Amino acid sequence: MIVLLISLILLCPLAAFAIFGLLGLAKRSFPRQDYLSTAAMLIALACSLLLLQEVVPDPEPHTVQWLSLGSVTFSMGFYLDSVTAIMLIVVTLVSSLVHIFSMGYMHGDPRYPRFFAFLSLFSFSMLFLVVSDNLLGIYIGWELVGLCSYLLIGFWFEKDSAADACKKAFLTTRVGDVGMFIGMMMLFTKFDTLSLYGEGGIFAQAAAQLSTGDMVWLSIAGVLIFCGAVGKSAQVPLHTWLPDAMEGPTPVSALIHAATMVAAGVYLTARMFPILTETSSLVIAYIGGITAIIAATIAIVRFDIKRVLAYSTVSQLGYMMLGIGVGSYVAGLFHLTTHAFFKALLFLGSGSVIHAFHAMHGHGHDDEHGHEHDDHDAHGHDHDENHGSEPVLGSEIPPDQDMRNMGGLRHKMPITFITMLIATLSISGVPFIFSGFWSKDAILAGVLGRAMEWNSVHHYLLFGMALFAAGITAFYMFRLIFMTFFGEPRNQEMHDMAHESPKSMTVPLLVLAVLSFPVVNTLWFNADYVKPPEQPHLHAPAHAHVSPDSKVGEAGLTFSLFGISEAVAAEDGADDTHGAHGDDAHHGHGPAHTIAMVLSIIVAGLGILLSWLFYHRRTLSAESVATTFRPLYTLFWHKYYFDEFYNGVLVAVTVWKSRLFAQFDGTIVDGIVNGVGTVTRDILAAFVGVFDNRIVDGLVNQVAEVTWSIGGRVRRIQTGAIQTYLFVVLAGIVLLILIFRVL
Amino acid sequence: MQPLSNIESLLYFTPELLLVVSAIVVILVDLGVKNRESATVAYLSLAGIGCVFAAVLLTHGQLGDRTSISLFLGMIRLDAFSTFFKVLLLLATTATILFSIRSEELDAQLKGEYYALLLAITLGMFLMASSTNLLMIFISLETVSLTSYILAGFLTHNPRSSEAAFKYITYGAVASGTMLFGLSFLFGMTGTGDLGQISTRLTELLAAGEIYPLAVLIAIIFVLAGVGYKIASVPFHMWSPDVYEGAPIPITAFLSVASKSAGFALFIRFFYSGFSSSEVMQSVDWTLMLAIVSALTMTVGNLAALPQQNVKRLLAYSSIAHGGYLLMGGVLLTSEGIGAILFYLVVYLFMNLGAFYVVVLIANEEGSEMIEGYRGLASRAPLVAGAMAIFLFSLTGIPPFAGFFGKWLLFAAVLEQGYYWLAFVGLLNSVVSLYYYARIVKAMYLEAADEETASTSTPFSTGTFALLSVFVIPTILIGFINIFYTFSNISVSVLPMQ
Amino acid sequence: MLLSLMIFVPLLGMVAVLLLPRESEELVKRVTLFFTLIPLALAVALFISYDRAAAGTQYVVNVPWIEAFNIQYHIGIDGLSVTLLLLTALLGPICVIASWRNIEKGIKAYMALFLLLETGMLGFFAALDLFLFYVFFELTLLPMYFLIGVWGGPRREYAAIKFFLYTLFGSVLMLVAMIAVYLNSGAPGARTFDIPTLITLAATEGHALNNLNFQIWAFLGFFIGFAVKVPIFPFHTWLPDAHVEAPTAISVILAGILLKMGTYGLVRVNMAMFPQGMDFFCNGTGTWGNSLALLGFINIVYGSFCALAQTDFKKLVAYSSIGHMGFVILGLAARNTEGITGAILQMFNHGVISGMLFLLVGVLYDRAHHREINGFGGLGAKMPVYTGITTLAFMASLGLPGLSGFVGEALSLLGAYDKFKMLTILSTIGIVVGAAYFLWTLQRVFLGTLNPKYEALPEINGREILTLAPLGILTIVLGIWPNFAIDMFRESVTNLVNVLQAI
Amino acid sequence: MTLQHYLVISAILFTLGIFAVLTRRNAISILMGIELILNSCNLNFAAFARFMTPPEDISGQIIAIFGIVLAAAEAAVFLAIILAIYREFGSIRPDEVDTLKG
């Protein structure tokens, strides 16, 4: 049953794509590719829901032999635990909604069928990644989603910015992937398998080697695998591709670059949870924390609605990483899920706004990518406000995405407004009734809990970072809402034309809005449903003031206050029945959670308040603040100069190096052969008695020319005078006699 | 076995006698032929050659189970070795006669003498291949030389031909004089003219310390001068490019194949029957000497060939280089080495004669021997161009052509004796040689012909293609046929070696 | 018999083509196609009927040929050769079809030479006698010389002679090594060229072939011969020239098959016959212990960076070949199951993928008459199908999982990492650079605004799709189900690994 | 007169012959040099036959006689060729006959 369902889930989208591909060879296309793809997704969604019941604790993977080399075998297979099941639902659900949304949004695009085919391929790859039980399968899905991302970002490839962005996305993630591959090689060399689960799987073997002491290599392997996640989940320092990826159609941004693919990194890290050591965990946590802050601060100063959301995504992904890094496995994944819904909602909402603005541009529904031709005078006056142009990629904000052209839209587009507001409240961590609050709070509590438990400076620092990022998140998200939906319309002409989007677009918004409430996320609150795996290689540091047997992997995140559930995190066997709250054994968690929750509510409130003051009431002037903190502002505005660094240094060096190599190839390598030839020639020339200083300078034909020139010298002895010949005979005879007399 | 007396020998001397008769008949008939354009004498010579060929085989059959018979009181010897060369030489002569019929550069007035001289030179070469006595060696060598001087200068009113003859005779006279001087010392030291006895006596005398090794060395080097001149090895090669270029093309072909083969026959007899005892080797390591000479010969030949524009001259240098390859086999005191030489000579006969035949054809058509004349040949005459390409690649030594198998035998023999450096030099030379052979191929295939030549070209006759195929087919197939290996091995096995 | 038939049918075809009148070009093409389809059918038959569970050679024909030297006409196939035979037989008709329209002069001679070339290649992969092996190896040289030299681009003469000289240089060294092996194989009269016998002898304790010193030198001789073919740095400079100048179909053969002849030779001769020599160069210790892996690494990184700098589409693909063959070398240097399997798979896959790439370059060249990458732009809108296929080929070539290129590359690296950690990690630079140059090319040619010069560029036509489709499908099938190919040579590899580990 | 005397004389003759061949600027002189060389050989053979072999063995003398005959034939051919050269080049200076070279 499981196998059948999973196969269905995978095959339906694949079939949708395959039909497109095969017909494409015949230069045709299926008349309703959109229906085909959407139907495939809906079937997959239904199957995913059915699968929920099939989940059992500690499942065995279902594998088939994929590649057998005699001594070594690589299998492919499915592994279905609760996390997989939830991920399946998230992916299929968001994907289905995005499909439906796209039917409205992409309507009339000349490459409309291709768009759906690519979406199908993406869905297949993502689902494949999710259900794989082994690193090789994950890697395959991993690269395939990368490909889809490449294809979809570059969907409107006529735009140079899109063409640049898709290449950048692929290459940047590829850098991370190579790290992941090296990590895989390390694991394979050690364990002779790439399967994660089951007997003989990496986890089982790694657990068995617990006692072998030095696990430095395991830390390195863990960090290397995490590199893949850094690339794909756009963590610092490989985050720069994600904002540029917004060049793709907005539904793509929602599905791939917000909800699912970028979360794959988090998923992978979570999957590798059992082999994370304290070093690798700490690296992950720090990368996550730093990313959360950097991305959030950059988001504050963006004006492009999609870029704001993009940086917000990066920041939230950092959050999830941080959660996993501090051992809050469940919290991290929980945030992944909630984020998938509300971020997809935000993106689709922004898509709806863009779509609305779009219509008035007279391009009609059919031609979003037409904005490459858009009038540039709009930007002209923008630049004054911008304090200099935005560097490198995406330097021109399309007017229909520029928040400075928006304002007061809440009346024009009520559904979009309401749904986006719900999502914003959720992401900002407005307490209790929004799912985002719970998941973010769980992470914060997890960090603080670990800090208190281990008494670790690192973790206190991380908690500070997380809290700071939470505040900023609330600030810039409300900035977005205020600038877009409140106040006076800043561009009256555009405002007049704006309208609410068609049903195919609003329905998915509404569905997603519903999903942003905690009620629908109850699975996460069932302590038995999602259990963090053990981390045998993670040891509490010596100065930790908890009993050594305390399982840090379960850094307790209780929700005792409202009794929604026992715990997000599972307990170890003995404590399962009690739940965590109020349990003495977990005394550290209760307070940690309370403190975290209170603090997070405070910072979120502060953020919203400031935002209100700046962008709604306008009591405070963003411009004056910007002037006051000019250096900081510039830093944020230039996105910490990552792109400048990469373009100016890394790319330039690579290109330079390649030129050098090519030059080397043309001159030196051919030249070495030449050099040998030259030496030979000189010796021979001496022997022949004819010296010629002229050096044959042909670059490539060297050997031939040199040999040729020797030939020329040899033939010069052939003077044509018979007595010379006879002299050579005589000399030859004498020489031969001399040689053999001496010998 | 006792050498046969003069009268008894005549029975086994039929081929040579037939050659003499043919030559005389050709001259006589020529006197009576009215039409100077007709090829009657040529066909008559061919008929004569045919008879000689039959006689050679029959005479060889008379050997029965004897490995060899000494004739004329030990002057010459009849054995498989000599029969091998006789067959080879007859093939070369036949080809040369056929080329001559087709060549337009030969003067019609002198055809009678021309063919008679060809038959005479063949006789001389027969004797070279079978001599076992200093006197006979000298006489046969001079017969061949004198005749070839005349043949090289056969084109009256052609300064190049005269110059070739002049250089040839000057060079040849000095070389053979030098050789004769060396022979006189050999005779003096051993008191005999018979090669077998010379070997025995030298061994005894050296063992007894009665003669200076230096004297033996000088004698050997002087002999080498004469033999080396015949096979055009460095440093006795310098006549050959000039003579080859100046001589009529059929004669060049003949010299490059037959003369070289006969030279090698003499060389092998001389050195293997005369100087191969261990005592001689100890005092004079002539194999090392030959190895050096061989390496130099192929290198000089190949390098000098590189810049040549005249195909005939290019092939002359190539011929020198091939002499170098062949000498590699002579460096070794093994039957494999000699067998390899013999085999290579067969291969060389076909591919080199084939190449020269194409030169004849192009010279007829273009009136030029320059590489430019070969431009676009592939489109004008694809079959001729294809044949030429096959000959050239075979000369380079690229499988599956016979040249490769020949080289392979030589290199295998050399490597077996541990002369790695020599094999290496030889192989590098093969690579170099590709370059100049490929220049001709390039001209034929990769370059377009001038408009003028393309339009004026005349189609080649069926006879031409038939004759070409006579060379092409063996060039492709010899390597794959066992009998040739066997034949050359049997020929070697009869040589008295110490 | 089946095997012999397969090898010599193209030769028969050559004779047939030569007998046809020069004017009937269509007939010549059809006849050629027919004579290349027969080997394909036979190859498929062999592929199907090959006993995958058996380790030894199958379909053996062994008849004396040149008895004087104990040379035999000994052919047979094991898993490795049957895979490459299939590749060769597959590329044959594809190349004939690809040459259908764009060979303007001398089509008859072209087709005849092509058929000769095919015989040479097929024979090479089936030969089990060292001498025969060498003869077939060289047999490919001549047709190739003419095919590049006569039908090539503007600098064809230079490219052809360079190719010829380089290869001949390598093969004469190989000849020396071959003779040395022959001479050391036994007492006079008992010598042999038989590859299986030689392998056994080389593994026999105390035999002259078993001597380490001998093995090292013989290894080197053969290695240089094959290295020129592969090509391994620094013997590679013939390749970009030859590829750029050769007509499309010949580039396909050059990259698809001829390069494989080098690596096949390394496996068949160097590894199997000289395991000790191999050990000397890749045991990871001593001055020379890393040399083979180092060469692989240099090939990968060097080839990739050189490719990055190219602006000629075809040259880029040519350099990418150098990079990809580096993975093969690296995998072979690992001498373990993963590495060797990966290397063999990479050989096959590279044949398929580079074949596609060259065909694709040809399609573009036929239309635009230049190959300057920067001279295009935005073709994606004009030629969607062509763009799709190109993307597929590029993705396969840059090692995208799910397509065949990945499996070979990954296995090679996995195997190599076990032995050469640092070099393997450094080699992964090649993966990133590989992605970089392909994506950059994709962007410059297909993405962005359409170059107005190419408004009227026609889409890829049916005939061209016909040449590409089989390769594309293979790329996908092998990416998803690599066992399809691995099944063929698993036992052979196991055998080889046993030989390599026995020392 | 011992063998040595003959040998010395023949060696002198040989050397003179070589010298003439190498240095003379006239084809006829070169021919004379060649004759010297050949005659030195004949002298050698005769001397060796006289001193080194039994009196009844006259093979050395026979070789010498053949040598004389061949030298005569060679001279005849040489002169004929010199005539041809003179006809074509208008000179019999060997250094002027050098159109074939390189």
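The letters A, B, C and D name the chains in turn, as written, and every chain counts its residues from 1.
One rule holds for everything that comes next: a contact is a pair of C-beta atoms (placed from the backbone, for glycine too) under 8 Å apart; a residue touches a chain by one contact, two chains touch by 3 or more.
These numbers were taken from a predicted model, which means no experiment stands behind them.
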_Chain separated most widely from chain C, comparing mean CA positions_ = D
*If you tally the C-beta contacts, which comes out ahead, A-B or A-C?*
A-C
*Determine the centre-to-centre distance between chain A and chain B, using the mean Cα coordinates as centres, and give it in whole Å.*
78
_chain A-chain C separation of Cα centroids, rounded to whole Å_ = 37
*asked:* Averaging over Cα atoms per chain, report the distance between chain B and chain C in Å.
replied: 43
*State, to the nearest whole Å, the distance from the C-alpha centre of chain C to the C-alpha centre of chain D.*
65
*Find every residue in chain D that makes contact with two or more other chains and list them.*
18, 21, 94, 97-102
*Which positions in chain A touch two or more other chains at once?*
704, 715, 718, 720, 722, 726
*What parts of chain C, by residue number, touch at least two of the other chains?*
161, 165
_Residues of chain D defined as touching chain A within the complex_ = 18, 21-23, 94-95, 97-102
*Of all residues in chain B, which touch chain D in the complex?*
134-135, 138-139, 142, 146, 149-150, 153, 156-160, 162-167, 169-170, 173-174, 177-178, 180-181, 183-185, 187-189, 191-193, 241-242, 245-246, 308
*Footprint of chain C on chain B - complex, ascending*: 378-379, 382, 393, 396, 398-400, 404, 408, 411-412, 415-416, 420, 423-424, 427-428, 430-431, 434-435, 438, 441-442, 445-447, 479-480, 482, 485-486, 489
*asked:* Considering only the defined contacts, which chain A positions touch chain D in the complex?
replied: 715-716, 718-723, 726-727, 730
*asked:* For the complex, give me every residue of chain A touching chain C.
replied: 21, 24-25, 27, 65-72, 111, 114, 136, 139-144, 147, 150-151, 154, 157-160, 162-164, 166-167, 170-171, 174-175, 178, 181-182, 184-186, 188-189, 654-655, 657-663, 665, 669-670, 672-673, 700-701, 703-704
